[in-house]
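We just call them A, B, C and D in the order they show up, numbering each chain from 1.
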Amino acid sequence: MVSNKFFAIVAGVGPGTGRSVAIRFSEAYPVVLLARSPESYNSVVAEINKAGRKAIGITADATDESSLKSAFETIKKELPDLKLAATIYNVRPNSRPSRKPFLELTLEDLDTSLNGNIRGLFNFAQSILPLLLGSVEHSPQPPTLIVTGATASIRGSAKWSVIAAGKSGQRILTQSLAREFGPLGVHVAHAIIDGGIDVPDATHYPRNEGTPDNRISPYAIAESYWYLHTQHKSAFTQELDLRPFIEHF
Amino acid sequence: MVSNKFFAIVAGVGPGTGRSVAIRFSEAYPVVLLARSPESYNSVVAEINKAGRKAIGITADATDESSLKSAFETIKKELPDLKLAATIYNVRPNSRPSRKPFLELTLEDLDTSLNGNIRGLFNFAQSILPLLLGSVEHSPQPPTLIVTGATASIRGSAKWSVIAAGKSGQRILTQSLAREFGPLGVHVAHAIIDGGIDVPDATHYPRNEGTPDNRISPYAIAESYWYLHTQHKSAFTQELDLRPFIEHF
Amino acid sequence: MVSNKFFAIVAGVGPGTGRSVAIRFSEAYPVVLLARSPESYNSVVAEINKAGRKAIGITADATDESSLKSAFETIKKELPDLKLAATIYNVRPNSRPSRKPFLELTLEDLDTSLNGNIRGLFNFAQSILPLLLGSVEHSPQPPTLIVTGATASIRGSAKWSVIAAGKSGQRILTQSLAREFGPLGVHVAHAIIDGGIDVPDATHYPRNEGTPDNRISPYAIAESYWYLHTQHKSAFTQELDLRPFIEHF
Amino acid sequence: MVSNKFFAIVAGVGPGTGRSVAIRFSEAYPVVLLARSPESYNSVVAEINKAGRKAIGITADATDESSLKSAFETIKKELPDLKLAATIYNVRPNSRPSRKPFLELTLEDLDTSLNGNIRGLFNFAQSILPLLLGSVEHSPQPPTLIVTGATASIRGSAKWSVIAAGKSGQRILTQSLAREFGPLGVHVAHAIIDGGIDVPDATHYPRNEGTPDNRISPYAIAESYWYLHTQHKSAFTQELDLRPFIEHF
């Protein structure tokens, strides 16, 4: 049953992780989807609403303070009586330089990574943490912030320099938030997604079954995020890894 | 509903993690409890059977090859038609030297830690991995081995030398098994339990609610182990940490 | 004897690590000191030149591409025939927010950390790596880039969020460069300075002896950096830690 | 000049690291070489003595308490007035199973690894730490214990299970000793040797130059160990890695 007291926010929505996580959390909460363009969330919002649950899409850029501020004003207007229970930061930088020799990269490539991975999370966390703190006494599950990491979050591979700089900074920022806000009752967790993500067609849900062996099912990621959200406060996970069973690591 | 095709084994049972994990897995599978003395498992076996589910206790010492071999012969006799779906290695060394200056420790203290943490896991893994491999094609969940780690698994603190040597060796052994058996379809996971575990009285189940803020509810650990067992093979977690929300780390 | 074929650059000079490293490397090479203001390098440049060795101070801001570009043009003019053998990135962000609750930090605090720690290193590395590559065949020691890290490079402590985000991103960027440029013959190393640094008065050199037990002697750091620079290419260290013997870690 | 007040011990001597380390430390101290058979140390002892420095070989098995005890009695008799300044634990297990599927390994394979890597270090550390503590006030360099680690010390690769269990337990034991004995003035360090070691012919010393690109020069390892030994107590390194410049990591 969908809550009429709490809602969730998924920042960063595309056809993979963002969509699956939004769908999974919509089984319990109205969900707000944030993305830089409506094309990213429109079909997911429609899919959730069509299923009789509730989703709202808002165009916002987490790397832009005023854009995010305006998004949270819209949220307040649209869901005036709901408290925030769960948030997922799943933003991908605007563009990702492919694996590239360091000397061919530009400062702009670096900034794209720092913006999407670190500055966006900083802004988002500053917006949502006061709301999550306000839910600690009320929420059936500990209020939660989950951040989507990657292999590059813990490893600077050759030619992944700017992506790794952004993802590792994001990871340690998340860890710092976990240490500060955990004792206040907010669960902050980081997931290291170690592998390529399948983009399933939307005809079934959930649809782990069709996932090729070398891909991660985004539905499985969504289940893990939901599990993190429902962990009892006596046993919070700060970090877990997720990878296909055949993945070399 | 309890399976009539698969069973689970919990090696190392006491009133904390072992009991909770056995109870949780007994909701889905008949469970075999291994411990060095019947006193360790008798009440848990009774508790599970009384609840209309199935548990068998077997006295065995995982650090002793022939004792373990005999235990697996008993299992084969008692559950002749069942396949193995899930295993948990939760053995504590026979005795644990308290936090002790290195020069006051004896080789016997070290051996106690190496035996319980590494050699016991080695023997146990050699017994169960062929059975888990035999279940890959059949089990609804990927066949699973979960190992209970601790803070000392990743950190050699002053005066924790022998415990840390055993737990860290155990962790890396588990990691090695994950890398070898994951691609064969067996899920091998390690949980870093970072904090003291509550020993709840047995009147309620589950009973996270009564856990003091500075303790981990063993029921919450059991839920996490169950979650690990049910992860889709496209998104295996190799390691996660679990700690009370107020724990300093 | 000071080389007449190779020189070194120390980016980020103050009375602690930067000064000591510059003095140490000046025993072998003419050194270029980069800092945002002449006050930071003037006395060190004078100290080195007075000792009969060679130092040049250049005002430059590594976080500013054009400022750095202009600095390297000056270097080329001042040391036209020398090749680059060693570089140290020791820049501190312009200002460091003290340990601060996350919700009291501003995006400006974050940017200060990202600029000094990551963007500055990115710019500096793009400037010096082509020069170091050009020295591989000639330099008696493998051409070297050493980056000064900190405890926050590997740990996001509560209330150290923005510093930790910057330092950890810097560390992984360095690691990525090590993996890309090591096989090309350039030694890229990262030093985790875990403790407070003593600022000795300048009357003796070297002067490890006066260092209080809970402080790191910057001369000892300088010796370590020199050791890293002189490692044979068959045994490069990518990372080491440095801390006072009594430091808790 | 070789000290007439202090000596060093190298436990584990063969034609690679052990020999080079013994030679390097013999430039400063009389050295005691411990190995399980005289064949392992005879030629190195001869080489050092022939060079006009001092080496003593003692047959001892660090994994055997009484063998080690007897070795230290011999040391006391042979070098009655010298204090212990530096110790290196470089023991390789008696035999090493090649990379092997887990289910083909025996408990004996595991024990070989645990014995050589963990139990031997435990015995050795219990023997030498009281002596090192007794040198703290006197030794020109902080009394030192250095332990030779490997890639398997931090990574459980597939099919490296028993080696990784031993090496990782050894690493964390070393870390624990560093945390306990560092504040007492003893420097305990761990070196991760990440790559194959060259075995140079003995005609030149030092002879880094002939090392193939994909091998580590044992002389370079020896230099690193000497550097660790000479670090000022205000800037101890607990762990460093060493690998060939072209090594993939």
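Odds and ends about this structure:
What we mean here is this: contacts are C-beta pairs under 8 Å (C-beta built on N, C-alpha and C of every residue); 3 or more make two chains touch, one makes a residue touch a chain.
In UniProt terms, the chains line up like this: A, B, C, D = NAD(P)-binding protein.
Here the structure is a predicted model, which means the values were calculated and not measured.
Among the remaining chains, those touching chain A (NAD(P)-binding protein) and also chain D (NAD(P)-binding protein) are B, C.
Averaging C-alpha coordinates per chain and comparing to chain A (NAD(P)-binding protein), the farthest chain turns out to be D. When the CA atoms of chain B (NAD(P)-binding protein) are superposed on chain C (NAD(P)-binding protein), the rotation angle comes to 180 degrees (nearest 5). In this assembly, the C-alpha centroid of chain B (NAD(P)-binding protein) lies 47 Å from the C-alpha centroid of chain C (NAD(P)-binding protein). In terms of their C-alpha centroids, the spacing between chain B (NAD(P)-binding protein) and chain D (NAD(P)-binding protein) amounts to 36 Å.
Averaged C-alpha coordinates give centres for chain C (NAD(P)-binding protein) and chain D (NAD(P)-binding protein) that are 31 Å from one another. Residues of chain B (NAD(P)-binding protein) found to touch two or more other chains are 179.
In terms of which chains touch, the assembly is arranged as a closed ring, every chain touching its two neighbours and no others. Interfaces, counted as pairs of touching chains, are A-B, A-C, B-D, C-D. Residues of chain D (NAD(P)-binding protein) touching chain C (NAD(P)-binding protein) in their complex: 142, 179, 182-183, 185, 187, 198, 208, 211, 213, 215-217, 219-221, 223-224, 227, 231-247, 249. The part of chain A (NAD(P)-binding protein) that touches chain C (NAD(P)-binding protein) in the complex is made up of residues 65, 101-103, 105, 107, 110-111, 114, 118-119, 122-123, 125-126, 129-130, 152, 155-162, 164-181.
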